[in-house]
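One chain, subunit A, appears in both complexes that follow, with subunit B as partner in the first and subunit C in the second.
Up next is the complex of A and B:
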């Protein structure tokens, strides 16, 4: 009896904690989002019984997100920002991870430390650094004017989409490079040698061996940065704080910090979480397929 | 090995395109383009932070025009320095308070949970594992909203403020501890426990006398990482803050960047960064110290394996 309960007993405090402060809170969001609103005080009145849930607010959120709705632009903008940032992160991150894994040689340890270093520097510190550099009289403007790229200082922080995407890339790229590096570092070089010995051109060896074998890293890193980017509201607030660059996260933030209607914020949170769950499921399916394909390459 | 590893004759590489083609042709050659991208990336990721640190020592109120070195924004300035400005001082205290409490609660809970999940295979273990992994992929804003709503609608006896913030920090930290400790458990394997059991130790004695000492490096490393992620956290701290003294350093940096910040913000960010890097380095060194024997053994095994492969 004692042996049987020992390990579940060890797990129970942590599980109870996560149930009370992770699962139940999520249910609280559902209760508020699918509840009603006090008509006089405008306070949310949660409904805890799933049979009595009211989908009116959820429908309202979908209506606002649909084409023609007031959040349609914000929604499209969020997707565009995240997609652009992800593409740029991959474009910069893949060569860096590839070099570190395959060619860095005796510099590998140092480069790895330098790549990991930003992960231990506070996100806000790194954003503050760029806010300083992008000021009207900051180093970026001074450099661009010195090199005559600009004739007068540019307002980088006044609602620029490119600045927001740049900041997102800067903020999230370290989280992408690490899984990329791990997957590239694991690749057995004999696969590549085999491909080359069998007459594959360097490019097709890269395309048919290295790229498929690093697919789990690409997908893992992509999902690792995509999920938090969809919920980001502080980055656009810091480097632009203009409604012209607001993302879905900013709408949620507005409805709780200053807005009168947490119910709509909660409903939007549910919709966002559902969308991200779909993304996650797609990722799990792709990972499953990629691993199957890798198995095929390994068998070759 | 022969076909690719032998050096290829490369007489002249005039154009950049030819050079790129060159490194593609020989994947073991020196890829200059990749060297450039990698070091440019590293400079780009670190130099801005170093400039921010530099301006925390600026003698004037500017964060963009360098004047001369001074410690004015740390303690010299009687009003706006980190030491004298109560807002900044409280933010620093609050950040350390949350990180310390987080380490003290999340590490024991996480270690127990990791042990339980790694050894428990009965009914409910699958679900528990699933619940444990979820906080790792949940965007912080979703977690922030749900914790705020649970404290305002369900657990109404807990108000926003330090207690709610600690509960929130522990919630997102536990899973990190579990992942690190469980990784270590898998690499240790079961043979030491089994040996102890064969020699007559009960599971509990095997755990405290054999397994826990072996887990020490993972526990120390996870404590350092929990400190770092707690000190870095902005979203959960902000959603569960009641303002005033419960605002942490990241919240103050965030608020300041949107107003008209002084170099004292750079100073407080620098203090936080140095503390975190110190703790993480300490954790890393402890890990290295505790696992030095294994690394040597692993290296020897690798060398032997390499020797066999060559023959």
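Up next is the complex of A and C:
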């Protein structure tokens, strides 16, 4: 009996953690999204019994997100910003993680510290620092003009999509590099040596061995940065504040800011969570497949 | 008629009802279309009219307007006169961040032997929600006329005994001693006042804004200043400005056609100047990162005092506000929270903030927002150099108020939904 419960018992802190900090809060958001509103104070009145859930707010959110709805454009914009930021993070982060894992040698620790170092400063402070750097007479414009990349200062903070995407990349890229590094660092070099011995070119060895074996790291890092990016609202606020660059998180923020319809914010959160769950399921399925493939290679 | 939170609202649809109604389309349940088809209107917050059919606010109280005075009912008796103030422990002031001079708070604390704590909120609505939830237990808080009925109906603010607040009668503009939104000052005393207008950099903007037939049009003619133009990030102010531009002076309208047209007009600004929305005009205009900004009058005074870079002359700042009867004029208030354990001291705090010396020091040495003191007049402020000549129109007087003035008032619940959704539409940046 003791042995039977010993090992599963080790999972209990994690389960308690998951229940208290994920399941309960998520159910609370669900109760709010499918609940009603206090008519005087406009506070959400959650409905805990699923049999009594009010789906009206959720239907309203679907209506707004649908083509022709008032949130369709901001929804598409959010998907595009996140996809572009993710692509850029991968383009920049993969070589950095690859170099650190495979070629940095004794500098590996230092590079990792340098990657983590910005995280010691709050996200908000880092973004505000960029606001200063990106001013018309800021260091970014000065440098680009000094190097003749620009002939006149660019208005980076004038409400540009490129600035928001750049800021998202800057803010989230360390979270992509770290799992990627861990994944690349774990790859057994003998696999690469075997590929080269069998006549594969360096590029071919990378494409057919390294890249597939780092898929779990790519997906893990992608999930890690995609989820918070979808809900981000402060980055576009700080570096743009133009409605043309707002994201769906700005709408959630608006409706949770003391107005008469906090349930709209909660319902939008639920829809966003459902969408992200689809991405998570794809991630889990891919991880499962990748592990199975690696297992098959190991068995050979 | 209002409903208890636990009551089901009209139009409410339970999941059970929903499933029954949707039985024929069970296959479509998993799709959003199925939900939409089955749900209908299930998103009303509360009734918008009272028992006699007149529009009421969220608390079921009549809607106050400058030409329609409202005396709020007392939900409990005020404290008795002649009580001694409580001492010791903490005294919590609940307000916007950095909107009260801490030096003055310390002095108040020292005078009455309490430690004054300053607890900030993001905005008054969310502040009231936190107060109602019990997350905070302040003694006094800032409140606005348009949120006052929530405070009263929710029993979140206490009735005042004006015997403890002689400075109200002695020092404050007559219009605000007995204001239209709180007849007899049952719950509030005024704190600051301000108008909504346009701030700009005179060294960047070439148009003669005050000389334009409709100065609000400058936002729709600002192609040359793309990226440097912004509106206040407040749904009442942005939509209200678009209404005023079209000559609609009912800035509390709940006519969907008017509000939706105003939102459509605001959306034109995406293409005109890539409009921005923020609330940092007191800093961004003086520092030059914004050249044209919808702004409150207090912003330019604060901007001149604190944010104008060395070497930039005061004449670089311009401010315009519409003429009387077309300009939104607001005032912030202070009230005593029902959570207070120091009701007498709370009254004395309200009296303290209306003291001529305290209110003036808070204004010129800290927040730049003008208190409605009788002794403050534009000429004196100009003479003392508190306000430069070109910003003289930022200073308000008692004459700016009155029954023919404009003030954003409480809307019905449906009206608030309409304005919030309109602002959401604008903020979404869609076509």
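Criterion: the second predicted complex is superposed on the first by the 252 of 300 C-alpha atoms of A that agree within 3 Å, B and C clash if a C-alpha of one lies under 4 Å from a C-alpha of the other, contacts with A are read in each partner's own complex, and residues count from 1 in each chain.
Rule of thumb we're sticking to: contacts are C-beta pairs under 8 Å (C-beta built on N, C-alpha and C of every residue); 3 or more make two chains touch, one makes a residue touch a chain.
Note that the structure is predicted; figures quoted are calculated from it, not measured.
*Asks:* Pick one for A:228: touches subunit B only (first), subunit C only (second), both, or neither.
*Replies:* First partner only, subunit B.
*Asks:* Let me test your reading of the model: by the given contact rule, A:175 touches which partner, first (subunit B), second (subunit C), both or neither?
*Replies:* In the superposed model, A:175 contacts neither subunit B nor subunit C.
*Asks:* Scan A:129 for contacts with subunit B and subunit C and give back first, second, both or neither.
*Replies:* Only subunit B; A:129 stays clear of subunit C.
*Asks:* Mind working out whether A:275 is in touch with subunit B, subunit C, both or neither, as first, second, both or neither?
*Replies:* A:275: touches no partner chain.
*Asks:* Could you tell me if A:72 is touching subunit B, subunit C, both of them or neither one (first, second, both, neither)?
*Replies:* Once the two structures are laid over each other on A, A:72 reaches subunit C alone.
*Asks:* Could you say whether A:12 touches subunit B, subunit C, both of them, or neither, answering first, second, both or neither?
*Replies:* A:12: touches subunit B, not subunit C.
*Asks:* Scan A:241 for contacts with subunit B and subunit C and give back first, second, both or neither.
*Replies:* both
*Asks:* Under the stated touch criterion, which partner chain does A:62 make contact with: subunit B (first), subunit C (second), both, or neither?
*Replies:* second
*Asks:* May I ask you to decide whether A:96 touches subunit B, subunit C, both, or neither, giving the answer as first, second, both or neither?
*Replies:* So A:96 only meets subunit B here.
*Asks:* Which partner, subunit B or subunit C, is in contact with more residues of subunit A?
*Replies:* When the residues of subunit A touched by each partner are counted, B comes out ahead.
*Asks:* On subunit A, what residues does subunit B touch that subunit C touches as well?
*Replies:* Shared contact residues on subunit A: 135, 237, 241.
*Asks:* Name, in rising order, each residue of subunit C that touches subunit A in their complex.
*Replies:* Within the complex, subunit C touches subunit A at residues 2-3, 5-6, 8-9, 11-16, 18, 32, 35-36, 38-43, 45-47, 58-60, 122-129, 132-133, 150, 153-154, 226-228, 230, 233, 235, 270, 274-278, 289, 413, 416-417, 420-421, 423-431.
*Asks:* Which part of subunit A faces subunit B closely enough to touch in the complex?
*Replies:* On the subunit A side, the touching residues are 3-4, 6-15, 17-19, 21-26, 28-29, 31-32, 44, 46, 92, 95-96, 98-100, 102-104, 111, 114-115, 117-118, 120-133, 135, 137-139, 170, 173-174, 192-193, 196-197, 202-203, 205-206, 223, 227-228, 230-234, 237-238, 241, 249, 252-253, 256, 262, 265-266, 269, 272-273, 276, 280.
*Asks:* Would you pull the subunit A residues touching subunit C in the complex into a rising list?
*Replies:* 34, 36-43, 45, 50-60, 62-63, 65-66, 70-74, 77, 135, 155, 157-159, 237, 240-246, 250-251, 254-255, 257-261, 263-264
*Asks:* Which stretch or stretches of subunit B touch subunit A in the complex?
*Replies:* By the definition above, subunit B touches subunit A via 1, 3-5, 24-27, 30-31, 33-35, 37-38, 41-42, 44-46, 48-49, 51-52, 55, 63-65, 109-110, 112-113, 115-117, 119-120, 122, 124-125, 128, 131-132, 134-135, 137-143, 145-150, 153-154, 167-168, 170-171, 174, 178, 203-204, 228, 231-232, 234-235, 239, 249-250, 253-254, 256-258, 261, 265-266, 269-270, 272-273, 276-277, 280.
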